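Heads up, the next two complexes both have chain A, just with different partners, chain B and then chain C.
== the complex of A and B ==
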């Protein structure tokens, strides 16, 4: 195991304040490498959030910054405002021409602690840049909207770049975005290695959010999407190793600028014995379970709609929604109302946060209705516990389910999901065979011990404190 | 200040000669302030006071002039900040607070002015005037009243009752003259000065009473003014330096070339005082043009521009910005042409006009130079007001600093050279330098005013 290594772990909008797949993964990574010292650098949308995880003992520092918080500049730009604006302009031009932007000059001009946006806008050249971009992209809408969008986007980017990260042997960002950008900046300032792990694809997730957001107008959508694509490209370009959970995402990372030789796949892993040791006991009736937080991304409403259809076809079915209900109270209330309207109150249960293993003992099928996932741990857990899985076609799920269309449906296709659940109910013998095959797959590829061993090896290599990482 | 301009414009459109004259005179009173009326007052009193001023006519005039000079030199910076404070309060429809601010500031001014007026105490006027103590008391009262009047003038322009303002002024002036004659008969020059001061006090009280209807104070508060003073320190500086810029040459020449008035530390220098105080009066046409035309054309365009900055496409913002710039340019050109004509006519006729008005001893070259200088001064004043409109207080302060520095340095230079032939050139040079700097600042600021506004919004 690597020893004497300090890793600065950069996390955005998740661990340790929000529960979920990425957060659980980070917690397990830290716990699995007790000899590595971790310094957490987290980027949050709001201040003073409640910790949802108990930080392991090898977390030796934690600094949380609020992305939208107005930061006071504590330093001056190295080459003056004009040189800085020229460097920013060059970066914009690189983004616009889809060529590789060079961040070295901007970082060199920007010592830690200098938050230069307001200062730099005072320069005529900066104003000219905004006005020109406005003329190109926003000639008929109010200029002020464009200006403030420009400002907030640059404020956030420069705020991150101005941050001084903790001293560490390497920087490990758990997504591209602002966390990745902070790691790029740290790498350029310190010369230390930058390891990037992506569960989903940050820029794709942001793109989906932006397209859904009512308050982001059409022309601003393009700007924000281009910006998130741009900062993802920076992360891919500067990372020493780019890790994805599955091959499809790796290909996309390479398309966005990651070096093919540096891009690798390390899938999610689970504690297999913890789930494979579960003794399954058949309960009366048919039991469908969804393990996940009650939040829109999990699309619990489609689950309820599916439940309504299945309840009509398979009387005596019980539907379990196993996961925290307090992250989006309004959404939870909507879901509960929907359950009441569908008269499913007796058969649909919200458990709140619970030990999933006790449910894996008797569930007949695990259902996943998410609109977005990377490589859901719950599917791996269900496989290890011997449960059949029905899911929407998101992230790496089709590959996990062997592209078997009997168990896959498009997002929000409640009827197809219900048909799949009915298929599982109607073919118990076949399900036993499928489950055995899935358990074997988990044993071979998704053992977290092996996953985190590989991270340990990478930390050793990238920190320069051990043998070369074999890739 | 634009309010009276709009009123004048409305009256111009409606017709009615008497009303127009009334509003014009009130406008002059408001925009030109007590100073112009006082110059006229001194002129009239000196001419018609007869025996009342027989024992010390020069001292009588000097006290009035010094009162105005030092009330501005000491307090004008505060007036600018105070005007800003009450404008904000009235914009927010906080009339009671505005009334309270007025009363508070007025009280502070009275105390400070009374303290500053103690500078009069060392005068030993025995043998110069027959009632020296009464004279000193009257001088002190006049100085305090003058300081109070400046504060009230800053405030009074916010009232719309321009006829009332004019009537109050006329009544105050009339009472001043009347009391000057009546009390002058009883106690000679000391009585005359007391009478004059009484008139100024009555005018101040009447003006304050006029404010009470709309701006009744609720309490005294001083802290908010201090926070304004800290926030608008550049405005304070601009106001202070403007007063210094306009008085630097006069003060330097008083002490370099002037004659000391027996028993007092006052000095007068008729060879410069008469031309300069007359020349200052020629600001009036320019001020009226500015108030009626330049400012009233500019202000609506500025508002339109400010309205559209947050809601219109960039192209539209540029259109509004350049409309505003064009209106300002047109207004300033018109004003400059008018003032140039007035100044040119007076410069050309000065060899006849000067001796006719002020006797053969008048310094005609100094009169001609100062008439020319007033042309640049009038432009400077307009440029300064526009910089205030744009809230470019720092740049306004720099412009006034340039005006002041050049005027002071050149005046000291002239004093050291002892060349009275150059009288007025320092004021002229200061005005030209100030104009250049203020014009450059104004043009550059206007061209990038949208940019400036967004920078300001980012900081707020």
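== the complex of A and C ==
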């Protein structure tokens, strides 16, 4: 029996406290590799959150830290405050010149447990660094605004870097950001491997949030965006393997500093038999379904508008909105009123949380109206169940749909989506052929078992333990 | 003036991005006055292609946008959605969502407030929010109609226009004109007792304009011009335009 592998899994703002795509993936990964011991290190915005997942038995430890919470320093900086500030300054200079910053020196000077929250501003050189940066970037607005932004961003970074991570054979971060930074630090301290998996692109998601936020103003926006780009670049640079879900994101990771030879694609996978075993039963009428939460990112209003157009063209169509309705009450109310106003109450159904398989039995087409997706599992599920799919052109969807413009539309283009649904309705024979091709594609590329087998193999290689992979 | 060659020789450092920031920076001696001239003179309209994404982001991040700015911004964001660059398209779609979500949050807040303070002011604000949401839906007539109906119901309640106060009138006319219920708008205005009310006369002229009754518009404007009624600059220009028309 080979020696077991222990993986420290670093997760930020999701598993096991928040449900969603990444969380579900983490849960499945852990469950799929029962011979691997997992130590969870999670980074949360608030303390004492309720667990939304039952942790599998091979999770042997779980430590949650709150990003904004100050920890009590248990150690002192090696080499003193001045040397530390000099190293930080060199790192800033590297970021500013777009060259690769070296974190080795900063980490070497910062033993685990030494939280230099105050040192970073009390040292004369540090103070001068802040004043100089303010003069350069923010000279006409109050210094206090700049100072506190600088301080809070650095406090969070230092909080993460000073944390002592659980002992493990390798560190696997499920995003860049603070989780990735913690993994970089752990790698530099222990010499153990760092595996990075990104479902979306963390820095792009943060950038989008910051740009939309009304409370982050002027230079502060640039500063936060630059910081998130910076820490993502660190993850890409130091990771031993960088995994993305699809090629387009892999290219972006390489643009941000990931080594081309270390960047690889492992797509999402599904439990194929769970969906391919569904027996399709034709129901009277035509049935369109959207599987997703009722939240703005899924753009349910565009679905409703599409429904209104399709209802005019194909009488007797029923529209199913299959997913939780309680995540954004105001949005759900607005959608519900819109359905009423369009006089679709009899034909448009909000199911709430439900077992999607019972709907895949009779749906004639799956419609996705999201404005943002990475690699939507619902499309793979629909493919496995034998359903045609119509979707907005987001994330990896065009590739999944073979760039077939008959089934793709721009976000919010209800008319084009409706035309695509009408096409599906009008070409049942062709749809059978398309569905067979899609099912074959899922079989070949998106089998969950194969996806997690690849992770198991990577764990074996990166841990250097050479444990055999069962099967 | 040192001239504009400083752009070629300038060192890295603070670069104000908006005319307001540049003016402030000139005041503190951080940048030369040319920087302000450049920032203010080279401003290009938000809806002019190729789009200036940074400027669009800045406008989108502003906490209080008026209706006209929101409508303009949304039209630009909708054009971005069609971009071949997925990231730009995503920015457009999320920008539209952000604009609508903000309005929805305000609507939800007012709905909650209505439960405890169901007075005229809150009701009017709620109706105004729905009306502005409708104006944002220029691309989709059915969604626009939906929000106009919501605005109408919020303002008038179950009883219809009979319960409306004088303070409700401008918004009620806005909604009726937007719904092309011009006969109803005329009837509503006819119920106002004060025939000397300048604002009501202007509303009447507006409804007449939408009904194609230009003679009536000119007549009302001439009467207003003759009376020297106190009105704003915008109205003054309209009155003078119509008053000078031949009958």
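Note that the second predicted complex is superposed on the first by the 441 of 471 C-alpha atoms of A that agree within 3 Å, B and C clash if a C-alpha of one lies under 4 Å from a C-alpha of the other, contacts with A are read in each partner's own complex, and residues count from 1 in each chain.
The rule we apply is simple: a residue touches a chain if its C-beta (ideal position, glycine included) is under 8 Å from a C-beta of that chain, and two chains touch if they have at least 3 such contacts.
Everything quoted here is computed from the prediction, not taken from an experiment.
By the touch criterion defined above, A:208 reaches chain C but does not reach chain B. Taking chain A as the reference, the larger set of touched residues comes from C, when chain B and chain C are compared. In the superposition on chain A, A:280 contacts neither chain B nor chain C.
Applying the stated contact rule after C-alpha superposition, one finds that A:411 touches chain C and leaves chain B untouched.
Of the two partner chains placed by the overlay, only chain B lies in contact with A:122; chain C stays clear of it.
By the touch criterion defined above, A:147 lies against chain B but remains apart from chain C after alignment on the C-alpha atoms of chain A.
Within the superposed three-chain model, A:139 lies in touch with chain B and with chain C [touch as defined at top]. Judged by the touch definition given at the top, the superposed model places A:372 against chain C, while chain B stays out of reach.
Residue overlap on chain A between its contacts with chain B in one complex and with chain C in the other: 135, 138-141.
Chain C meets chain A in the complex at residues 12-14, 16, 21, 24-25, 27-28, 30, 57, 60-63, 78, 81-82, 86-87, 89-98, 100-102, 104-105, 107-108, 140, 142-143, 145-146, 149-150.
For chain A in complex with chain B, the residues that touch the partner chain are 118, 121-122, 124, 127, 131, 134-135, 138-144, 147, 151. Residue ranges on chain B touching chain A, taken from their complex, read 309-315, 317, 448, 451, 454-455, 458-459. The residues of chain A lying in touch with chain C in their complex are 135-141, 204, 208, 211-214, 216-218, 221, 248, 296-297, 299, 301, 305, 308, 329-331, 333-334, 337-338, 341-342, 371-372, 393-395, 410-414.
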